[in-house]
Structures are given as C-alpha cells and as structure tokens.
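Next, two complexes with chain A in common: one pairs it with chain B, the other with chain C.
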Partner chain A sequence: MGAGHGHKLHFHGHSAVHRAPAHLKILALLAFMIVVVATPRGWYPLFGAYVVAIAAVIAVSRVPPGYILKRSVVEVPFLFFAVLLPFVATGPQTEVLGVTVSQHGLTAGVALLVKGTLGVLASLTLAATTEPQDVLAGLERLRLPAQLVQIMSFMVRYLDVVTGEMQRMRIARESRGFSARNPRHWPVLARSAGALFIRSYERGERVHLAMLSRGYTGKMPR
Partner chain B sequence: MSTPVLDVQGLAYAYPDGHQALFGVDLHVHRGERVALLGPNGAGKTTLVLHLNGILSAGSGGHGAGTVAVSGLPVEKANLSEIRRRVGVVFQDPDDQLFMGTVRADVAFGPANLGLRGEELDRRVMGALDQVGMAEYVDRPPHHLSFGQRRRVAVATVLAMEPEILVLDEPSSNLDPASRRELADILRSLDVTVLMVTHDLPYALELCPRAVVLSGGSVVADGSTYDVLTDDVLMKEHRLELPFGFDPTALPRR
Partner chain C sequence: MHVPDGFLDAPTSVATGAAAVACVGVSLVRARRELDDRTAPMAGLVAAFIFAVQMLNFPVASGTSGHLLGGALAAVLVGPWTAVLCTSVVFVVQCLLFADGGITALGTNIMLMGVTTVVVGWLVFRLLQAVLPKRLGVVPVAAGVGAFVSVPVAATMFVVMYAVGGTADIPLDHLATAMVGVHTLIGVGEGVITFLAVGAIIAVRPDLVHGARRVLASRELEIRPKAVA
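Then we have the complex of A and B:
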C-alpha cells in the first residue's frame, strides 16, 4: 500500500523554471494574479498576451501542456457559474447563436472564465514545477507566520494518508456490495465522512503525543 | 545493584472517565536489558508506556498514585524535557511519528527540540539513520517510503535523541517477515536498553531475555521469556497464545 512517488501535481524536471527559487515563483504568481484581476474586462488583446506569457513559461519548464490541461479540470465548477451568468443576469439583452442573453452577464461571464482559467493555469504551473516542500520553504522565506506554514506542512504530509484511508474505506464499502449511485446512498457516505473525520482527529492526537514524546513544546525547532 | 534505568513503583492510574487501567504496577529495568512487555489487549500496556515519558500522570487529568523514575530522575513536570530525552517512545503507526516533509527534518525534530543545531544536529541525524540502515533516504519525504522503511525511520527519530531506554509499541506489527527480521537485527545491534510492547511472542523470545506480563492492570509475571512462554497455566490465564506450530521447547536453549 505504498504511496506513489512524486506529488500528483508535481512534474519532475530540471528546467530553469524548476530550478528558480520557490519564493520568487510564489511572488511572480501573486504579481501575475493581481495584474490579471486588475485588468479591465474588455481589454481582450492584453488577456491574449497573458495566455502567451503562461504558454511561454510552460514551454520553458518542459512540462507537457496536456499534463497541466488535464489537471485544470478542477476549474469546472467555476466554469459552470461563468456559463450561468449570461442567463441569470439582468439588463440589456443581446443575442448569441440565436439565444437571448444578458449583455452584462455575458461580459462578466467571459471575464470570469478568462481570469479564472488564467489563474488556474498559472497556479498549476507553479505546482508542476515546485515540490510542495519547496513551496512551504518559499512561503517561510516570505515571512508567512510560522503557524500557518506548520498547518500547511501538516496538510501536505497527511493528504496522502487521509486520502489513502478514504480509499480503503471506499474499497471496504464496495467489497460489501455498496456503491453510491444515487442520493439515497448519501447517508452512508455522510457516515463514512464522519468516521473519516473522527479517525483523522484521533490521528492528530496521536501525532501530537508522538511530538510531545520527542520534546515538542509548541514551537517548531529551526 | 546500580540505579535502574526504569524504576516504576506502585503505579496506579484511572482515566478521567473513571476507567482504571493500572492497579499498582512495579517494574525495574536495568541498563542494557531487553525486556518484553506482554499482555492481552486492554491490559494497560499502552497506559503504562505513556506514563514512562510523562504523557500521562496523576496530574494529567486522571487519578493516579505511585512513582516512575528514569535513571533516578523522577517523572514530574519540572523534568519533562529531560525525561523525554531519556525515554524514547516509538509508536505503533509510523505515520503518527513521521510528520515532517523529509526524513532528515523528521529525525532532526527531537534533537532540535533539545536545542541542538548545525553540525552536531546533522551528526545526530546521520548517526541515527546509519544505525537503522536508512541513511541513503535522508532527503526523501517519509510518505514515499515503504511501511518497513517508515518503521525504521521512526526508530531513528527516537535514537537521534540518544535515549537511555527505547520503548517500542508493537515493533513487528504489519511488517513482512523480511522487514521483521531486519528490524530484529537492528534492535539487537543497538547498545541501548529496550522495553518492547508486543503480541508477537516468538519475536519477544528472539529478542528479549526477560518478559513481563501485564494483565488487568497489574504485573502477573516477570521472569525469563522462555519460562513465561512455556508456563501453560499462566499463558492460558492471561489470554496469551503461541502462534500455530511454534514450540519454544523445540528451540535450542540460549
């Protein structure tokens, strides 16, 4: 039951983007996001330039574009809202492909879609070229409060453990003939989630005990 | 005799919910001994272990009596950090023990809490990893190691504190036979006093000349592991069973 090697978002490589110091990459991502968000909606050529910029960084990093595109599926729920906007917003109407939609909604939806996608692509590029450990070290160098970095490092460490536990619970459920196909099965999933929460909570307590046993006093040594 | 490394006298403890786990436990372990702590589930083994480094005590919410001393130093609030250096506890699930991003950071966590830095810290980390044969994995994240490797790193995290007594909770659980034997070789090679909580009776016989049986919160037997395992009446009374086909009397006496 050993975990796979490499983090699922990380793509192993040795390009200039991979080697760049993590804190610079985080700052670059932050600056890029602020610029993207601050760009007025209608300036489409500029958004085109942003896309070209990200594509260039991805090309330099030698991460296959498909690798990043596949992972940008996380964006789908947001896209759903972006697509919904033209239909629910009010104001002057306009016609697109024979369907009447709100003009404000349309521009807002397109802006949300474009800005959101840019953000997801940029973040995934950071994740693909930087080990989670390095991201944390970078945040630490940027003087993020130590407690926050600690919490995030625990999250990175135990993500695999908790998802592994979740997988095993699912397999155990399915081995007894259960699979969640419709809402009637949701109570079972809810109970599983509850059990998972309690197990994780108890694991947290055991981890704390093990830390105390090695002389932890509330501050991470550095 | 010299001061025992571990001196437990009349230890009793009841959890805050009223459940009493220990009823007057006496236990002495001397330098260089390897002792197996045997007993059925619910006998109070884990409760006893958590008293040894002061995680549980009469003052921690429950009700208790008796004393624990490590090389003469009583386990009380004022000495906790020194006690936790002297008593190294390796917990059963290595995922509980290994929580940092790399093996190096994890092994360094204990000695760094003791105030070690720089070269001295590095020396401790590499020394401990060498002792368990994991030095080449020093920069790997723990969750990428196999279970047996993680168990060995967990032992190293405690060895790095140079403890006087190593307390292992079920060291052989969930290991494949080869990892189990490798861990036995490692434990035998260490120059440290060992108290090993286990249900793996052949493992206890292999590694520990002395065994203590805890049952119902008190010590019911304390003698050579061979004598304990061959005492059928004692074994039956305290829900201890040898695995199928294992006969200690058929082994050459050591």
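Then we have the complex of A and C:
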C-alpha cells in the first residue's frame, strides 16, 4: 500500500508554523499524538477540541486545507478496518440505521477513525510545513545518534535518484511492450528489483569513495 | 500496511517504542562490523532502495497487487544489523516526511515490519544455510523461504501486540485466523519475489550479497583443463 509515496509533501511558505524550529514541531507532534491516543474513547468534546486545534495550526500555516485533505488518502486502507469493526467485534448488540452491530465495535471503530485521522492530519501538517533537511536537523538536535541521522540524510538525499532510476526502468519495460498483469510476470519485476539493488549499492560505493577523496573520516563536517 | 495512531493504546505504544529504540541502538553498534566506515552512505542508499522497492507493485490476481516489505531481502543482501537500521530509517522517514504510519505507532511499525521480518528472515536463512549444501544456488532458496516465513510471523506478532494493547475487543481467534491467513498468502508473494531478486543479484554480483559470503569464501579456485574437442 505504499503507492502514495514518491512525492514530497512539502508546501512552500513563510508562516509562523513554517518558521518554527523543526525539533519543537516534532516534539509537539509526538506530545499531541500521545495525548490523543491516551484520551479514552467516547470523550467526544475533547476530540472536537483536538480537531479545532489542528485546524487552527493549518490555518496559521496558510497551507490550503484541500492540499492536506487530498494527501490524507494514505489512511484509506484503515478506514475499511474501522468501518468493519462494528460488524466483527463482540459484546452487546445495538441497532444503527436498521443494521445490528456490536456496541463495543461501534465505539472502537469511531475512536479508531477519529484518532487515526487526527494522526494523519497532524503528520501531514508537519510534513507540509517542514523541509526534509530541517526535519533531519531537528532530529539531530533531539539527540538522535549522529550516525542514524547521517543514514537518514543519505536516504533522503538519494531517494529521488533511486526512485527516479526505478521509474526509468519502468518506462523502459513499458516501452518494450511489457505490462505486469499476473504472477507469471514476477520474474521480470524481481530482476528489475535486483538490478535496482546493484545500482543503488554501487552508487553507495561511489559516493563513499568520493567522500573519502574529499577527506571524509567518518564524521560529517559542520 | 502501516499501523496508524490510535490502533494500540498508549502504554503499548510507549513499550514498543522503547523496544524499537533498544533494537536500533544495538544495531548501530553491530552494523559497524558489517560495513565499517562505509555505514552512513551504504546504509542510506540501501534504505532508499528498500523505500523504492516498497513502491514496486506486483500484480497478484484480477487487478489486486501487493508490494514487498523487504525486511528479509535486506537482511540477506546487507546483513541483519544493517538491515534493521535501513528498515527503521525507512519507517521514520515515511512517518515524518510522508505521513504514513502514526508517530506514536512508529515503534510498533519498526518492531513489526522492520525488526521482526529482518530477524526472522535472517534466522531462517542461516538455519537453512547450515542444513543445506553450501552452494551458491541454495542462497536464493534459503532467502525466499526466510522471506516467506517472516511475513506470517510478523502478522502473529501484530496479533500478540493487539491482544496486549488493542483498542477494540475483536475475538482474538478470528483476528489471528484472518491476519495469519491473509499474510501467509502475502508471504508467498514476498518469498517468491525475494527468491527471484536474490537469484538475479547472485547471477551478476554474488560478492554484493552478504548472505552468500560464507559460500564464496569456501569456494576454492579451480583450474579447469581446456576441453579437447
């Protein structure tokens, strides 16, 4: 279900939310979501307050609400699960619109829907208002091990290169009349994945040698 | 499929987060042995590769498609410690830059789809390698079986976590049957494609496959006499 990846979510802007330090934004997101997750289900006024809070932050950031909503499709698979819950959960039954459903499942499904949606909206707001390199700098300021941040920065830096390489391989396959329709076509796709690994790994080796020749000693220069 | 916020309760999320921090910490120390000072650029590029491979959709039947998790594949290709780092980094980036998977569920996602698939995939791979003959052709088979086993085990782990900190009282036996059943099918795809991909890489650059190093090291240089026509 990773089809939603591959495009940057960042929305260029200069609002107070954009300018806020990235490490504070990450901490705020984490704290907010822990509070949301810890809120008992059924406290609907409080969830309403959370929605208002996120809407206020989005309004201050001047990111168009449509921009955020369009990108919240990543949670669609879980909507199915939340909708399914009232029908599979046990416990006392209740009737909604003429359909008998589980009372517990219904409240749990609604809670899951609300919490999941709040999480996606809050994460999208962070992603839309923070440049990837600022997120990395923020993580470093939060004392994440330097090596982990370095790995992450290399990943972010080469993400478009590697996915671009994959896109070109796909276009090359399709321009030769290939389209994957059933499992008999797996060997072709698997060989593409293999070629992509070799290319990525060899690129990593070249990058490492280039860094060494520029005096890299295991630490990134400031 | 990433676990979103609110799926598991707060204490469970904090516990899985702490477990994930511990696993990544140990892997950071151990990965140096697999990659020495190349760790940062190599693991970064492999992480980008895993991210890209998760976008590669494989058709299953009648319009549905799936994609690799890539944990077992990464373990065989670059070694288990580096693989844990790479998959964890992928989940952090997906969470913070792509809003996929909740931030409170980050530890859960890393433990389930990163650590579990890597560890199970690697253990099964090593076990099979110890039992089966040491030939290069066996490596993709062992990798494929490891990948196949890793997916239902991760699904079982999810059911266990849900039993501890689930937010809805679904009958656990139903959940377990559904999760493990569906993920056994997904595991078949994961296993076959891992088998094919590792096979393709071994055919071209066997020296890049971490899991094939023992086999390559035990190979002796043989000088074959020229066939007389």
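We adopt the following convention: the second predicted complex is superposed on the first by the 204 of 222 C-alpha atoms of A that agree within 3 Å, B and C clash if a C-alpha of one lies under 4 Å from a C-alpha of the other, contacts with A are read in each partner's own complex, and residues count from 1 in each chain.
One rule holds in what follows: contacts are C-beta pairs under 8 Å (C-beta built on N, C-alpha and C of every residue); 3 or more make two chains touch, one makes a residue touch a chain.
This one's a predicted model, so the numbers in the text were calculated from it and none came from an experiment.
Applying the stated contact rule after C-alpha superposition, one finds that A:A38 touches chain C and leaves chain B untouched. Residue contacts after overlaying the shared chain place A:L27 against neither chain B nor chain C. With both structures placed on the common chain, the touch criterion links A:A49 to neither chain B nor chain C.
Looking at the shared chain after the overlay, A:L189 reaches chain C, while chain B stays out of its contact range.
Within the superposed three-chain arrangement, the count of touched residues of chain A is higher for C, of the candidates chain B and chain C. After overlaying the two complexes on the shared chain, residue contacts for A:G215 are found with chain B alone; chain C is out of touch.
Legend: residue contacts after superposition of the two complexes on their common chain; A:A16 is shown touching neither chain B nor chain C. Of the two partner chains placed by superposition, A:V60 touches none, neither chain B nor chain C.
Touch criterion met: A:L118 reaches chain C, while chain B stays clear of it. In the superposed model, A:Q133 lies in contact with chain B only, and not with chain C. The contact surfaces that chain B and chain C form on chain A in the two complexes overlap at residues 1-3, 5, 132, 153-154, 156-158, 161, 203, 207, 211, 217. Residues of chain A that touch chain C in their complex: 1-6, 8-9, 26, 29-30, 33-34, 36-38, 41, 71-72, 74-75, 77-78, 85, 88-91, 104-105, 108-109, 111-112, 114-116, 118-120, 122-124, 126-127, 132, 135, 145, 147-148, 150-159, 161-163, 165-166, 180-183, 185-187, 189-198, 200-201, 203-205, 207-208, 211, 217-218, 220.
The touching residues of chain C, when paired with chain A in their complex, are 1-2, 4-7, 9-10, 13-14, 24-25, 28, 37-49, 51-61, 67-68, 77, 85-86, 89-90, 92-100, 102-105, 167-171, 174, 189, 192-193, 195-201, 204-205, 208. Residues 50, 53, 55, 81, 84-85, 87-89, 91, 93, 95-97, 99-102, 108-110, 112-114, 141-147, 157-158, 161 of chain B are the ones that touch chain A when the two sit in their complex.
For chain A in complex with chain B, the residues that touch the partner chain are 1-3, 5, 132-133, 136, 153-154, 156-158, 160-161, 203, 206-207, 209-217, 221-222.
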